[in-house]
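I have a structure I would like to understand better, so I am pasting it below and will then ask my questions one at a time.
Note that the chains take the letters A, B, C, D, E and F in the order they are written out, and that residue 1 is the start of every chain.
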Amino acid sequence: MDMNLNKKYMIMEIAKSNTKDNRPFIKVVLIDKDGVQIQGIMFDSNKLKFDPQKGDVVDVSGTIQSYNGQFQIKINNMSKMPEEESKDFLPKGDFDENQLYDEFVSFVESNLQDRFIKALFREFKNDQDVTTKFKKMPAAKNVHHAYIGGLLEHTYSVVRLAVIMSNYYKVNRDLLMAGAIFHDIGKVYELDISKGFDYTDSGKLIGHLLLGIELVNSYCAKIDNFPELYRHVINHMIASHHGLLEYGSPKKPKTLEAIILHHIDDMDAKVNTFKSIFIKDNITAGGWSNYDRLLERQLFNHNIMMEDSDA
Amino acid sequence: MDMNLNKKYMIMEIAKSNTKDNRPFIKVVLIDKDGVQIQGIMFDSNKLKFDPQKGDVVDVSGTIQSYNGQFQIKINNMSKMPEEESKDFLPKGDFDENQLYDEFVSFVESNLQDRFIKALFREFKNDQDVTTKFKKMPAAKNVHHAYIGGLLEHTYSVVRLAVIMSNYYKVNRDLLMAGAIFHDIGKVYELDISKGFDYTDSGKLIGHLLLGIELVNSYCAKIDNFPELYRHVINHMIASHHGLLEYGSPKKPKTLEAIILHHIDDMDAKVNTFKSIFIKDNITAGGWSNYDRLLERQLFNHNIMMEDSDA
Amino acid sequence: MDMNLNKKYMIMEIAKSNTKDNRPFIKVVLIDKDGVQIQGIMFDSNKLKFDPQKGDVVDVSGTIQSYNGQFQIKINNMSKMPEEESKDFLPKGDFDENQLYDEFVSFVESNLQDRFIKALFREFKNDQDVTTKFKKMPAAKNVHHAYIGGLLEHTYSVVRLAVIMSNYYKVNRDLLMAGAIFHDIGKVYELDISKGFDYTDSGKLIGHLLLGIELVNSYCAKIDNFPELYRHVINHMIASHHGLLEYGSPKKPKTLEAIILHHIDDMDAKVNTFKSIFIKDNITAGGWSNYDRLLERQLFNHNIMMEDSDA
Amino acid sequence: MDMNLNKKYMIMEIAKSNTKDNRPFIKVVLIDKDGVQIQGIMFDSNKLKFDPQKGDVVDVSGTIQSYNGQFQIKINNMSKMPEEESKDFLPKGDFDENQLYDEFVSFVESNLQDRFIKALFREFKNDQDVTTKFKKMPAAKNVHHAYIGGLLEHTYSVVRLAVIMSNYYKVNRDLLMAGAIFHDIGKVYELDISKGFDYTDSGKLIGHLLLGIELVNSYCAKIDNFPELYRHVINHMIASHHGLLEYGSPKKPKTLEAIILHHIDDMDAKVNTFKSIFIKDNITAGGWSNYDRLLERQLFNHNIMMEDSDA
Amino acid sequence: MDMNLNKKYMIMEIAKSNTKDNRPFIKVVLIDKDGVQIQGIMFDSNKLKFDPQKGDVVDVSGTIQSYNGQFQIKINNMSKMPEEESKDFLPKGDFDENQLYDEFVSFVESNLQDRFIKALFREFKNDQDVTTKFKKMPAAKNVHHAYIGGLLEHTYSVVRLAVIMSNYYKVNRDLLMAGAIFHDIGKVYELDISKGFDYTDSGKLIGHLLLGIELVNSYCAKIDNFPELYRHVINHMIASHHGLLEYGSPKKPKTLEAIILHHIDDMDAKVNTFKSIFIKDNITAGGWSNYDRLLERQLFNHNIMMEDSDA
Amino acid sequence: MDMNLNKKYMIMEIAKSNTKDNRPFIKVVLIDKDGVQIQGIMFDSNKLKFDPQKGDVVDVSGTIQSYNGQFQIKINNMSKMPEEESKDFLPKGDFDENQLYDEFVSFVESNLQDRFIKALFREFKNDQDVTTKFKKMPAAKNVHHAYIGGLLEHTYSVVRLAVIMSNYYKVNRDLLMAGAIFHDIGKVYELDISKGFDYTDSGKLIGHLLLGIELVNSYCAKIDNFPELYRHVINHMIASHHGLLEYGSPKKPKTLEAIILHHIDDMDAKVNTFKSIFIKDNITAGGWSNYDRLLERQLFNHNIMMEDSDA
């Protein structure tokens, strides 16, 4: 049942070992452009012309073997592709990132009124390195919004909810929007999409809460007379948005905007997670998902449609 | 510094004891119509013409004594007032309950579309005993919305958020509204305002989640062909709306509507709690509240106003 | 080492996929009448004459393949058997359910004295649908009493312990018996043995505590003048019998009968679990079981026999 | 309202301080023979002829002062009584300890059969120092069986339950009895009734689990050929009887006898606690207790009597 | 027993209220230069010439009243002293801060070797505002090292332990020293000694971990070519030094230096806490402390001296 | 790709089963003298001349098969080697145990001064059975110091830290050393290296804390006038050294020596764990370890060398 194969993949995981008789071999997890994963194994891997790393895009030649309904590639050889091809191998959302980013910017700008928050957003918008990453980054390695542009999509959603809720509860709209815009901004430095959604060193050592605060502080420093109280209140929203210490927030929410931000962020992430699981487990037509280990439950897509009372 | 006093109070707490020489005395916590609490003590309480109970409205004559800036009433005598006077002694919201109830009903009716959920709401509306209590009940003994009409106010707020969120996240609006309407409905039997916001026996034995489900089940039983799946999904929303087992929900939220209901309910309760603490601790002009033992934190009312960028 | 095979199995788990070249295949976990599990795989599963589901009894033809000491069936074809055959494929206790049920009924009837509890038990006995399920149901999907009739066996045991303990501690025997009889009764609707001990929708959405209370409430409604306090106290025992909120009880035990019920239920379940593990791990002759992940420990069957002092 | 007073008390708590002008004074909590507590204060306490300590029985002369319904003694002088009078000042059970002890011994002896466990019990019985303390000791400083003879009463109860349960579940009766007899035996060295139910140094440093194991080991050492496995299995029951690590057991129950012992011990303690609270809070005629901080709940004494169906 | 009094105090706590007849009064907790606390009450406080605040040093005239062995001042009047007097009213360590600071600096400088860490320390040393605060600040509001100079004393101790442990475990000494020097540096902005050891706004909103990281980042920014990895690794030590998320660290220790820093910091704080409790509870001559609510235990000062074997 | 093989292994894990056609087979995990693990399978295992057990050293003949980069041995036959060969198959530290033990003894003896602690150490030294095991035992089955001599190495390290810390914090050096020497001594009876680092019955039933206290008590019993307070204080250090109840300590540390012992023990174990993971995961040249499930984190070996400032 073997088939020859010649195809481009991204390396998701790689492990290097030696066989009993000391010939080097590598085992890899590969992903193709459609997001389908497959395992691969290559013996005598010292014959490769490059040192393969997680995140590399490679052109693979080999044969497909099957066992027990699973397939693996016995790799004969592979060559490394240019780094820019990597973007083709990551899960994508169902939107165009540039267009969504423009929408996001125009939504923010048409709603902001406070001159300091406006200035803060301007600093962000002018930070080429950050906005470029911001458009591409997923909101998490897995869990929720785990696809190209997920961070942007989630942030934009939380910002819209921030506007809705600040009107509903009569709190400071511009501060809450600032909290929404920057609550996850540290993720642009926490994750590295060039390596297949992996964490960076600073991401693992410090995490996106502190990286986000550091970034916001750098913007504030560039704005004349940016009030310290603003800065502390925004930093507080970023620091406390996970809601509880055991979820990684060094402080619990202590302001109205911080408690609202925590809830709309958590709700938006959970709704996206539920919907993603329904899609992943193919429960769109109704029924129960598989048991989810992070949520510690099965999810139910009841599929009940509203019955019009005139029907 | 003693002063004579003759005034109506409600009994909030009562403890009966004997002095060393075996004369009966009672200690009470009293509340006046303005919500101000004061302690009272009455010696030789066997001379009273009635057996005083928590929740009784009493006409007290005595003298006020002070010590260390605190006051207590040395009660000479008291007589019991008719039960209907009790409503004057409970904290009130800043709204008219009947008017708010009418608003609530018309909001619900103008938004519902599904014939079963409509029928369910009709059963509720026709349940005189329940709606009468529903208009008066606080949402909790203390913590959040702890005043006459608090349950109505909180429920109406969660229903409006349910409409907003079902539009935002494209979930079944009528089911989410049903969850919002009935999530705390069991509180009409869990609390007893005739006793000064105390818990009932069934409230302490079973709790509002199960009392609410029992009530919804009784409504469903009266509706022809009410679908079992609807009933289970609504019961699930009520059962799971505290979000976690350790908060008293026997099931975690497993549907999109259940997870959204949990978040908007929790957010609405927390925002109300924050605002109530700012008022109670007089932090409306900005600054820090006292340490709150339930929230395990101090709250900060930053008092930042948005600065118009044109200013 | 392949062998042809033609045998009846029940489908325990089923997953449907497509191969790389888009041919449908299914992977199943099968169980035979002796309770032995085996994995199966069938390619080109579209040729089947029925849509296979969890819980189906199927007549399988195929070949057995082995790898690494594990076996799987390469399925050539299978046909669906009538539903009533499913009962042959479930683990069984070492007793006759009908006989044990009769014993249980006669034990209960000879011990009950209170006319309301007697009436309650009569309603149960006359509920054909419930008693039929009650005789067959396991007490849990796995963990304790996980075999046909397990719920009956466990309930009967807790009822006997209830009689013993109400005599020992001088509490209300009939109420404690009522709590014992109905504490797990909701499991008749929580589990579905026609699907191989799987959970029902309402089981996953509401759970057996609430389903049991709903059932008891429906019985009470049929009894003239059934006292509300009785009903609340029995509901409380059902609701609180897991002992702690984090174990899924929305209320902690607050009456003497409720605290006793919690302990005898938990003890009976644990003793059965210990004994089942000793059997499963074949430790009847003494020694240590494997590490049990739910109990978070290894168990020790010390196998010490009492030495007669006259010996 | 001052009254002169001359009466014997035991000192429950004592704190020594100096007034602003450096005159020594002491504050005490006193208990009389009826178990009634009162606070006392003595200025210029340096004039006392002895150094008062917790647990001392003292003859107090002074005046009673009242404030706010509470009383305190302004102590003029006090003298120390002989230590043996202390036994009159401790809460008592409603039984004679010597008679109950004899019952306990005869119950144990008529049920034990294994020669090693019999020998072990003989060692205990011959340990004058231990049995003397065992008859008097409470089972806890407060919480459950917190009165003279409470340890004996609780132990005897757990032993009877051990016999019942070993018959019911067919486990090793004599081992389970040994576990029951010795599970709390370390309390004879953990508490010191000469000091008013206070903890000893070793009680606070090591605790009754380890003190009990040490004692059992000393008995085993005196018995020829006492099997090491018996000793380990009995030590295990003592060590694990709190059920969980966070309750102070260094090991979880891993044998059938250990898991049963844990449940009957916990049930017996809880039932006693519930009953004691009903008495303490005077809820014997039905109703709700005060909120109990250790149990984290109010308790309900429903007071339902069984209604004879012939009535 | 009233005495006139005229003395300087610092205001530790202040609450402003109105009497029933609407006359303003204040209640205060005052501390004198010896650290002795006393409560005060002043009626008609509107006659004061200033608005009294927490942290104010005031010259108080009034009378001392006693009740039940406790004293309070009935304040007739008070006037505000210059702010610089506040330093006399805070608990002090048994050392001279300037001298200890010089020792600390010379210890650090004689041990540092790495040029970047040296530069980092130089930035700190030149930050007048920070070092001035650093010399005076306590290490905590209460708990450990809760006295003037406590932060310096604790930091110096952890730095010495860092040198010992880096030699012992062969880890990067200079990095571990940097972690030790800066782990609590954020406390200079978290606490405000001008207000009697109270927390600042940014202390409550962000906390000393994040404030410390912000400060270190500002120093790094001034040093040419300061390596990013150094910065992340030092930030990680600061962020993770509480060891666990639930203790407020957003990351767990992941480097050898971080895990060692966590342990020596925690040990040094605990040893100081134990010693402080022995002093506070006057257990220096041996025996048991009072029950400590934060540590959830009583402490034992065994007072055993080593017995020379030649004795 | 099969190869014949004839080699000695130790059996780490063994499971015995029957094939479908009832032929007995065994699956084993084997380890060779270099610590490399491999799986083995033997069909028709009834032909073996002995009953293979965990911990047996066996001479295996068979063929190596590979699949997917993993290897297993198809065993044709094996014979049992003498028990003393087992020591060659266990992981080893990088030191000579006898030499390290001599160092340890001489370090202890040159530092001890108190005659009772000296006597206690003498008893230990003379306990041939214990010291023999002590030299060989690992400090844990896995986690930290999990190699021959690991217990000795860890104990010696904690003893040295005890000397350092008792000087640093001015606590009773000899008591802290006694705590350090004996804190893990119960492991000599908790683990059994003749079975490949497995736990003994008493290890699983009682654990090393209680086994160590039992051993220390037996030594104390042999020393004239050994003070009870010494014994309790040492027992307390052993009992409390895990720091928290949930980590298996029945008491929390309550003395200065106990709290220090807890910290240096935990630090030493963690540092060894970190270093072992860096070696195991081959991160000695810098970078991140794999995710460690017990530590719940990845570890970072930053590999930063101190840069001399003169460079």
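Observations
Here is the rule we go by: a contact is a pair of C-beta atoms (placed from the backbone, for glycine too) under 8 Å apart; a residue touches a chain by one contact, two chains touch by 3 or more.
Small disclaimer: the values here were computed from a predicted structure and weren't measured.
More contacting C-beta pairs link the chains of D-F than the other of the two pairs D-E and D-F.
For E-F, the equivalent interface within A-F, A-B or B-D is the one where over half of the contact pairs agree by residue number, namely A-B.
Centre to centre, using the average C-alpha position, subunit C and subunit F are separated by 42 Å. As a whole-number value, the distance joining the C-alpha centres of subunit C and subunit E reads 58 Å.
Shown for subunit C are the residues that touch two or more other chains, namely 67, 201, 204-205, 229, 233, 236, 254, 298, 300. Within the complex formed with subunit A, the residues of subunit B that make contact are 113-118, 160-161, 164-165, 168-169, 172-175, 229-230, 233, 236, 252, 254-256, 259-260, 263-264, 266-267, 270-271, 274-275, 295-302, 304-309, 311. Across the complex, subunit C is touched by residues 64, 66-69, 71, 288, 298, 300 of subunit A. Interface residues of subunit B, counted against subunit D in their complex, comprise 17, 19-20, 25, 27, 41, 67, 72, 201, 204-205.
On subunit D, the positions that touch subunit F within their shared complex are 201-202, 204-207, 209-210, 213-214, 217, 228-229, 232-233, 235-236, 239, 245-251, 254.
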